[in-house]
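Chains: A, B, C and D, in written order; residue numbering restarts at 1 for each.
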Amino acid sequence: MLDKVKPDSGFEVITKHFESIRKLTEDLCQGLDVEDYNLQAMADTSPVKWHLAHTSWFFETIILKRFESDFEPFHEQFEYLFNSYYNAIGEQFLRPNRHLLSRPTVAEVFEYRRNINERMVELLSSAEGNPKTDILPLTVLGINHEQQHQELLLTDLKYNFYQNPLMPSYRHAETDPPENSVNDLKQRWITFDSGVCTIGKALSDGVAEKFGFDNESPQHKHYLQGFQMCSCLITNAEYIDFIEQGGYQRSELWLSDGWAVKNEHGWKAPLYWFKKDDAWYHYTLDGVKKVQDSEPVAHVSYYEADAFAAWKGARLPTEQEWERVAAEQLVSGSFLQAEHLKPIAPKTGDAVVKQVFGELWQWTSSSYSPYPGYRPLAGAVGEYNGKFMINQYVLRGGSCVSSQGHIRATYRNFFYPDARWQFSGIRLAKDL
Amino acid sequence: MLDKVKPDSGFEVITKHFESIRKLTEDLCQGLDVEDYNLQAMADTSPVKWHLAHTSWFFETIILKRFESDFEPFHEQFEYLFNSYYNAIGEQFLRPNRHLLSRPTVAEVFEYRRNINERMVELLSSAEGNPKTDILPLTVLGINHEQQHQELLLTDLKYNFYQNPLMPSYRHAETDPPENSVNDLKQRWITFDSGVCTIGKALSDGVAEKFGFDNESPQHKHYLQGFQMCSCLITNAEYIDFIEQGGYQRSELWLSDGWAVKNEHGWKAPLYWFKKDDAWYHYTLDGVKKVQDSEPVAHVSYYEADAFAAWKGARLPTEQEWERVAAEQLVSGSFLQAEHLKPIAPKTGDAVVKQVFGELWQWTSSSYSPYPGYRPLAGAVGEYNGKFMINQYVLRGGSCVSSQGHIRATYRNFFYPDARWQFSGIRLAKDL
Amino acid sequence: MLDKVKPDSGFEVITKHFESIRKLTEDLCQGLDVEDYNLQAMADTSPVKWHLAHTSWFFETIILKRFESDFEPFHEQFEYLFNSYYNAIGEQFLRPNRHLLSRPTVAEVFEYRRNINERMVELLSSAEGNPKTDILPLTVLGINHEQQHQELLLTDLKYNFYQNPLMPSYRHAETDPPENSVNDLKQRWITFDSGVCTIGKALSDGVAEKFGFDNESPQHKHYLQGFQMCSCLITNAEYIDFIEQGGYQRSELWLSDGWAVKNEHGWKAPLYWFKKDDAWYHYTLDGVKKVQDSEPVAHVSYYEADAFAAWKGARLPTEQEWERVAAEQLVSGSFLQAEHLKPIAPKTGDAVVKQVFGELWQWTSSSYSPYPGYRPLAGAVGEYNGKFMINQYVLRGGSCVSSQGHIRATYRNFFYPDARWQFSGIRLAKDL
Amino acid sequence: MLDKVKPDSGFEVITKHFESIRKLTEDLCQGLDVEDYNLQAMADTSPVKWHLAHTSWFFETIILKRFESDFEPFHEQFEYLFNSYYNAIGEQFLRPNRHLLSRPTVAEVFEYRRNINERMVELLSSAEGNPKTDILPLTVLGINHEQQHQELLLTDLKYNFYQNPLMPSYRHAETDPPENSVNDLKQRWITFDSGVCTIGKALSDGVAEKFGFDNESPQHKHYLQGFQMCSCLITNAEYIDFIEQGGYQRSELWLSDGWAVKNEHGWKAPLYWFKKDDAWYHYTLDGVKKVQDSEPVAHVSYYEADAFAAWKGARLPTEQEWERVAAEQLVSGSFLQAEHLKPIAPKTGDAVVKQVFGELWQWTSSSYSPYPGYRPLAGAVGEYNGKFMINQYVLRGGSCVSSQGHIRATYRNFFYPDARWQFSGIRLAKDL
């Protein structure tokens, strides 16, 4: 997948892209206090500082170390400290302990970023007229990697801030936006016929314009039975109905593992929700807000999504069903750059199937597994995706904190079915 | 699936089948001491006594309670004590505590079985000439349920006996059988072409002759890319190679979750194996034996099967690939009634793809999920399969402790990927 | 302590005592079903069968192995299987797994006992006229060890039976005894003056008549401030008052660790208690019974005893205070041989401080620690007591399941402060 | 204990003392980066920021809230956020989550301190000529409380820094001090005779000059058997001997619970120690240093101290033995203000029993329990000590990070026997 970049055109474009994405990551940190950079409430969430360092580590360890002729590490222990999970590179500092790294300081990590940026730009310029080098495709991979961590940085920070009873606001929005009143929002079922369709990304695509991760390939045929898909994401109003009709107490709606997990954790509503004076509130990146009826419900686990679907007499879509629907649409929706930092209600002008991209990751019923003929990338980056193809479920579509331009119809995200801290929502499907 | 039994022909056949399967369960207990009936080394394994009671509970609670006009429970607390996981029926005695039920005694449980048998036979005779009753199809379900527990009874007992340093023998075989010397056994790759194939069991099949569980339906089309499948199950010799070439120490071969689980438990070989004086031994239902080279390797987790496949440059088959191969074969192989109680080497006379049925359950790479259009059965038996369709992986083919006549090409078994106490083995596949 | 037995008089007396104590252990098993012998609901409780075997193991491993000239083990693996915690002897089969030993069978364990009995009696006769041998003192130790396990056998069995919703009765008492109505029972405070007193057992005592464990010695001086002690054990009526006045909800009454443990386990009453139709019931060795007002409250942890004391404006006695009071009394009370198997109300004829011996073990505020000058026994039996002198608290007085003749004023029992399955009750003290 | 302050003389002295102790706490933070203030590697260790806030909370909640006529909280949620364990005051923010409080920021916490200081000084001046007020004695309690947290601040920080592979230095000492070569250091046994002695602090002492915590009272008589005490703390050289003679592998030296804990955690040396190229190193507040032979061994658990004692054929002293020895000495030794931040070798000029105060807390064999006649303080401060009198063991003498003037012969510190992060060392005793 990384073997077909067009480097003559690519060098300047990629450098520019590199610089803007790197800058965006740092822009996301404006308004944070130094104290905010190191929060880690559970092993799954990494501190902001760690995200800042690890994305630089990726460029240093995967690219500079291999291609710089006079490579010297910025700091001899960073390779170990900021390695996430690459066994091929070496041991990793324990994930749950990332919050214990008060040093390097925030200022030192920003210095680390500056240093890596400079060296990367210099290296990229050396790639000009060197059509066979892996520098450019690996840089594109590193850029996409950084975009993933931009999303995680916000997602994790939301979870970590939430542990503080002071309920800090990530930014200081002046007032609540008026609820976008979509009084006539109606879920509709759209029908799709049976037949063989094409799934995944062809390997012959160039990297620069049409990047894809290895897990999206190869492109292959898939037979789909006819199905129906719901026009909109499930709204808070619909989900409140589920709660108030006893959805969390009716075992027959739940998968066996889901019922056990729900009971163990005492879930009674989505993550971040609480009830006060008979009204639902939730914690957002703008602090505590009232839950808005017409906005999509977010921060539900696979188990809750599945139970909700059962309650509606429906089911979650497979990832192939979702991709078939998405393939017909332009990639538009509320992404990170729209700065809502929460999902919003559908607009009337949207396509028949609305809210396909942006807003919320949509749980599919598909276990994350290799496509027929899948081959991981060579080298350490072969650990990027392949080794996680077990026990997780695919989510599609990107979210309100996904970086614009990072998402496409073939994009596969994946989490364990009990995960709730992601911006994850519900799209329903049905058999014909 | 249960709606098309032919009751006029069925009544006598089913009664006879019922009686013989019920007897087989009890025959499996010959040679056990009373003390052996209540062992439970982990929550997943149930005591023999519990299996004996629960299979009776199924007939009493699902059938007699509904159809007996003057139904009275054999014992008022058995509905609670021997309910496995049916929330629709009521609360369940805690699974990990089954070994704490010294009462009812073994003799009382056999009396319970006798009582249920009598009442079932009487009820079955009343079903004659009553074409619309669910009695016959539910009885067929109960018979198949009992067959599943025959297998579990032995599988669990093996695990539970194994905890005892005395390494008890389930039966007293006089001597070791000579190793079946298959010196010329060669793994061969058999090629299968791309195309749409048919998967699953059609719902119009009658129950008595052609029973299937709800999870095998509906029959549906599936597009298969061309693939290759290995002619034989992986042997102990091949697996010892993997071990001795450092397979358990090479992280690049393992799924991330598998690597973590392996390290946590310190796995260095299949369950039941140990090394002594440079030779491999394993615990079997006949006690400790030397590991035979040409026999299929058993008691491996999905993670080990997957790592072995990676080491071979291959992969596990999908359940559809497996079913396509199996659909062309007769259901023959070593099942429970062959009384080997362990998998044996392939015979020369076998089909091109050998050891498809019997011997060992074969891990597939397919997550256990509903087929398109799947509907669980109505009522409490709707909890039989559907609620487990998450986090587990499909195994196919039956094993040396599966009851003869219980297995078919569409049969789907399922376990968590870390399970090793089942008779589970490895079949490899490859992309073309 | 074991060095001063009078063997000429001792040999016959000890043999007789040995035989009667060994027989009593087996008598306690009358009425048990084979299935009852192997229950183990938590690591702390051992199966009946294990108690039967381990007490024999003690004689075989500590005495026969050392003194029999032609010693051969009854079974080569029993030394490992039935070793409780003696590291000097070797590794131990994992304590929480004792319930997994279906073999040896109950019959084999009784055969083991018979064999050990025969060999012990033979060995004892050889000790005649051999004044320097350790055989007699070690046999006396083994007899006292067996008595301890008689108590544990019943205590553990009660806990293990209790896990079964059928609530089995250990024996079949015809009817409830009428409540012994002690309407005029009044707690009184008895005053004891300050001064130096003598605590513990002098080392010069002979073993046969006046046996003591090493932890009771040496005898030493202790300065006691003046104190008051309550005349009777705390009754169920008094404890119900504590419950109903919110005792379990008032953090200020509880030790910090106790409050945490209580909350973690959700304790709301003593172990074995439940409320039904506004009345308190508890599980006893005779099955479920109504809680009787005037009987002493049993099966409370140190934490509950301490919180109750705080609620009364009192405290638990130190073990020295208790011993000073007990030293003035005859050792009389309801022990095992009285066959109540539960504590009973005090009788009017008793001493001023009543219920000092028998009925219930009384928690003291004394951490279990060595007396000044303490020396453990030599050899493996040095592990009998000394290595447990940490984190546990001393209980005094014996209980309704302690073997008659086994208890004395200097006797120190010890358990962790969260233990509730022992027959443990509450005696209060106060500063002057 | 708080009832006898002499307020006319006390007011100015106490105010001055208050200001200097409050300043010392902040001085300890010089040289820390903002990122260092919020580390918490385990629930037992609190972040520096939390210590800074909680000590202020104590003055605000215990004193200002009660005595300020127009009291308004500095921040309405601080009472909850910085409550350590006072149930009488209300719920507490979860202890293990203290590191998740990025807000209030470090600057805000210093502002909080400044505010409390001002209001306290104002309140103190109002206490002049008000002989019956509790303001002065409570302030003295608060000052002593702050001193305890000065020690904890450094002790916790050491542990938290240690988790970082960069091994940060708390301060930047230029060079290693030369090892204080005490070549002729010899442990000697000093003998003390039997007899009744006086233990604890009399309640009639004034507070200002002679403060004591409630757990040190009342003064009472105690009978001591004759004993010997070792002249010096156990040195690193002596402890290395223990290690190298297999001390950590010999179960017969260990308490049963200690052996289990050691195995569970894989302890092979004191906390902070590691071996490199055959030499022992340890992490100190000045970074990684070579272990010096003649310095006292630090950071051992009770279990290790006890096993070491057993190896030496000795035992730990009781707290009464220790106090008897200490009562004859001046309180001198290396405390916090000496700025060693580690224990040092004994000097020749010391008393016969050396290193009694300062250097290291000395484990005693005494379980932490109330003295005869003990009464906790009234009100919320009654939770200060009393509710912890279970499961912990008493340490005596103070350490190199204890604040000068805070320690006395009657001072009782207490920790669980598995604690190693305190500056805890070993003093041996022996029976005569």
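Convention: a contact is a pair of C-beta atoms (placed from the backbone, for glycine too) under 8 Å apart; a residue touches a chain by one contact, two chains touch by 3 or more.
In this text the structure is predicted, and so the values were computed from the model without any measurement.
Steps from chain B to chain D, taking the shortest chain of touch contacts, total 2.
Averaging Cα atoms per chain gives one point for each, and the point farthest from that of chain A is the centre of C. Chain C and chain D, compared by their mean Cα positions, are separated by 38 Å.
Taking each chain's centre as the average of its CA atoms, chain B and chain C sit 47 Å apart. Chain A and chain C have Cα centroids lying 60 Å from one another. Among the residues of chain A, none is in touch with two or more other chains. Chain contacts here close into one cycle, and each chain has exactly two touching partners. Only residues 33-39, 41, 77, 80-81, 93, 97, 99-106, 160-161, 163-166, 168 of chain C touch chain B when the two sit together in their complex.
Remark: chain C residues 85, 87-88, 194, 196, 220-223, 225, 227, 251-252, 254-259, 302-303, 306, 315, 365-367, 369-370, 372-373, 382-383, 387-391, 417, 431 touch chain D in the complex.
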